[in-house]
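Dropping the structure in here first, questions after.
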Amino acid sequence: MNEPARTMILSRLRAAVRGVLPVAPPEWNPPALPGGEARIERLQRLLEAVRTEVHRVPRTAWVESLKPILRQRGVRRLLYAPGTPLGRSLEAGWDDGAGDLPRRIPFERPMEDCKAMVFEVDAAVTSTAGAVADVGSLVLRPDAREPRSMSLVPPLHIAVLDSAAVFDSLGAIMRAQKWAAAMPANLVLVSGPSRTADIEMTLAFGVHGPKALVVLILVD
Amino acid sequence: MGERPAFDFRGNILRALADGQLRRNLQSAMDGLIRKRRAVFDDPAELEALRTVGQSLKQAALSRLPALLEELEANCTANGIQVHWAETAAEANRLVLAICQGERATRVVKGKSMVTEEIGLNHFLADHGVEVLETDLGEFIIQLAGEPPSHIIVPAVHKNRDQIARLFHARIPGAPYTEKVEELNAIARRTLRQKFFEGQVGVSGVNFAVARTGSLCLVENEGNGRMCTTVPPVHIALMGLEKVVARLEDLPPLLRLLTGSATGQIVTTYVNLISGPRRPGEKDGPRELHLILLDNGRSRILADPELRQTLQCIRCGTCLNHCPVYVRIGGHAYGFVYPGPIGEVLTPQLEGLARAGVLATASSLCQACGEVCPVRIPLPDLIRRMRTDGACQGPGGPEDGCRPPLWESLAWKIWALVNTHPGLNALGNALLGRFGRRLPRRGPLAAWSAVRTPPRFAPKSLHALAVKEGLPHE
Amino acid sequence: MPAPPSYPAKPTQVYFFATCLVDTVYPEAGLAAIRLLQREGLEVIFPKAQSCCGQPAYNAGFPREARAVARRQLRAFPRDLPIIVPSGSCGGMLRHHYPYLFAGLPEWEAAQRFAARVFEWGEFMRHVLQVRLEDRGPPLRVAWHSSCHALREMRIVEDSKALVRQLAQVELVELAREEECCGFGGTFAVKQPAISAAMVGDKVTDIQGTGAGRLVTGDCGCLMNIGGALAHRGLAVQGQHLAEFIWERTHG
């Protein structure tokens, strides 16, 4: 730590705000949304508007619903997180013998030991911690079992979302899930596949991160 | 940074105005950005309320900036982030270099960050044998071209696809010539993926830092920011110290304002909240995370009750998009990192009035910028303040770099004299009425009459006519 | 931005603040504005000691000189009467910037009271006098130019346009970039002549594109800029101040 710089800067800052009355930060409540089905519909509409494929699938049969999506996209290597509930149901529902199904590749080792693999798989499937309906975002909380690169490096990202975890707004999900109490090392809101408009303001997808995003919303 | 070329504002402006292609590229881009912003903020009353919230949140944070920075430092440290303080650009550069050298790193991948432009990080590192690769597509394009960004948000906005096609073909080994945007993107993706794979240090900026949780918030669309902060073993984040906010709950309105104002998006593709390096047991993410808090003049700006508002800026660039001057001359003409209205205010404060005070002349004070600023920075008032300081009529003095413009000061003194003495005023009006049409076309009148007929002074002023009409006068 | 003013009941007397440009370059616009006020039964008082609002020096960064001139205006309009200004820009200076210019000084309260009495001419015609205009002119297509300060500071552009729309034979057309500055900006036009020239050039092209025969605006700075550029290009479109235009259409 550069102690002299710290001391100098802080003393100048203290002098600068001396006598300034602290301003009370205001509350902001975004316009309320209709609840229930309409909330999920809004989420779906906003995600689809940014070229995201959204499927509502039965909670107990999501693995079956995933298969045709992977087949149709020609996915041959699917990265997943073993040891997570999603990983376990994927393992249980996968017939490794079926020739047209992609090979399951578990993310088991630290990135340093499997970087090439992570950069070479065709797709990854991850969980989500919820979603924000008013802006159309998924919330991902990568952790020890489900590394952050899964939703970033492979060209296709499949995110599984529980319909019960769709909230009105970012503020609402922050409060409900008590984010401030314990932030993970990495938390990311995802709204569609990677995009850019840096060339002539023309929208193009998949410049660095995933070229495609598929969301499976689990419903009862 | 003594090697920076002399700043020739007039020359820059003339060159930019003569470039028809630049004008067309900028106009269509700015029109698009304005349209999108309007579409996402479709309820004016709601927008005004939101702007007030944004302004208050930033003012609240600035009003207790030292305390928030200490809280941020403590919570970041608890999260395993190594916090550094830098008084100047040079200090920040040295900190980054020292971290790179400690890692024996020679390949740095960088996400888009204005503060690293402000301190000239790329050049500094390159001079010390560290290659920095810009990974934001726009920044990548201008790095290939050897140019600085021309816009805070869309750095390559001055280039069209033909220019980018030629650039890629010439500078990227094996790149075919193509004008198709999808293909150009694919070329960039291929090139940069390899670089992310090999990158030893990732560098990023910070959009907001949350004091209470020790979190860094980064917004982006491309995913290159996530790459830079996830894949290399070391991540260095740099922020101007005004970027700190108190609580996580402050983010939703600020994010809405930032993305809506910047690109007309209700949210960007990725909003990253980073609260530490890789934790025990985690399989990816950087092993080390450094945060550099940069002053570089900000504490001085904070000390002035009016200029303090400059530090509310969230770098959305919407004041550029709405500026009739920016759209005609582009970002490079401003000669420094921050162009447009915010640059006219911020640059003279960072670089000094002597070097950059002239920027404040590039405004008609039309107030379009002040009307759209998401955090209600009174940009026109601050531009006027820069002019006032430049004329040595502000609180500072010659030691702050103001140079009283002699002939102009004299002209305004005469103007004040005439306009405070009715007799002189009447005489002046009579003289203008009589001889005004025959004034020599020199100085201001020459500038005026290059594209306009000169003003036709009336033979009789309204003062004179009012008397003739018999209007009651007091 | 302060709240919009509350409008008083119709008075019997008003002050007229000519502005320096109306005084020296466009007195006929000032006379028209005065006559239209008189036609509504008002006594119009023209204080002789008035001069300039001070904006040119203020915006150029010379507040000391601006304050000296502004102080003069504070004294020139002593009675509690509405002060009518045929300009959104000078109106904005008097209403919004005087209190700021005198912040912390003994004149601050006087500046506040003065500011509250200031009305832009068209705003006053519409809201206080609630005029009804009878158009007596031939059919005409007119383009409207909003001055930036009328638009963003005084916010009275709708008032100006409402007056034009009362003229039955007049077709009001919108410019493609109506809200974009014409490039005048006081000393901006001489300190940044090339940018200013580019801006007014685009404005003139925009006006030309509408096929309008007349360009009407409520501000003489813009008028001098755009009108001068129209004339320099040799175009037949005539620039005119709103008050003079209305007087021409409704008189005789």
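Annotations for the structure displayed:
Each chain gets a letter, A, B and C, in the order it is written, and its residues are counted from 1.
One rule holds in what follows: a contact is a pair of C-beta atoms (placed from the backbone, for glycine too) under 8 Å apart; a residue touches a chain by one contact, two chains touch by 3 or more.
As the structure is a computational prediction, the values presented were derived from the model and not from experiment.
When the partners of chain A are compared with those of chain B, no chain appears in both lists.
Using CA-based centroids throughout, the chain positioned farthest away from chain C is A. Computed centre separation for the pair chain B/chain C is 33 angstrom, with centres defined by C-alpha atoms. Mean C-alpha position of chain A lies 55 Å from that of chain C.
Residues of chain A touching chain B in their complex: 1-2, 5-6, 8-10, 12-17, 20-26, 28, 30-31, 46, 50, 107-112, 115, 118-119, 132, 134-137, 142-144, 147-149, 152-153, 169-171, 174-175, 179-180, 183-202, 204, 206-210. In the complex of the two chains, the chain B residues touching chain A come out as 25, 28-29, 32-33, 46, 50, 52-53, 56-57, 59-66, 69-70, 79, 82-87, 91, 95, 135-138, 141, 154-157, 160-161, 164, 181-182, 184-185, 188-189, 192-193, 196-197, 212-215, 221-224, 226-227, 230-231, 233, 241, 246-253, 255-256, 263, 266-279, 281-285, 293, 295, 299-300, 302-303, 305, 308. Residues 16, 18, 20, 22-28, 30-31, 34, 43-49, 51-52, 54, 56-66, 68-69, 71-72, 76, 78-79, 100, 148-149, 152-153, 179-181, 183-186, 188-201, 224-225, 228-229, 231-232 of chain C are the ones touching chain B in the complex. Interface of chain B with chain C (complex): residues 10, 13-14, 17, 324-325, 328-329, 360-368, 370-371, 381, 384, 386-391, 393, 408-409, 412-413, 415-416, 418-420, 422, 425, 429, 432-433, 436, 443-444, 447-458, 460-466, 469, 471-474.
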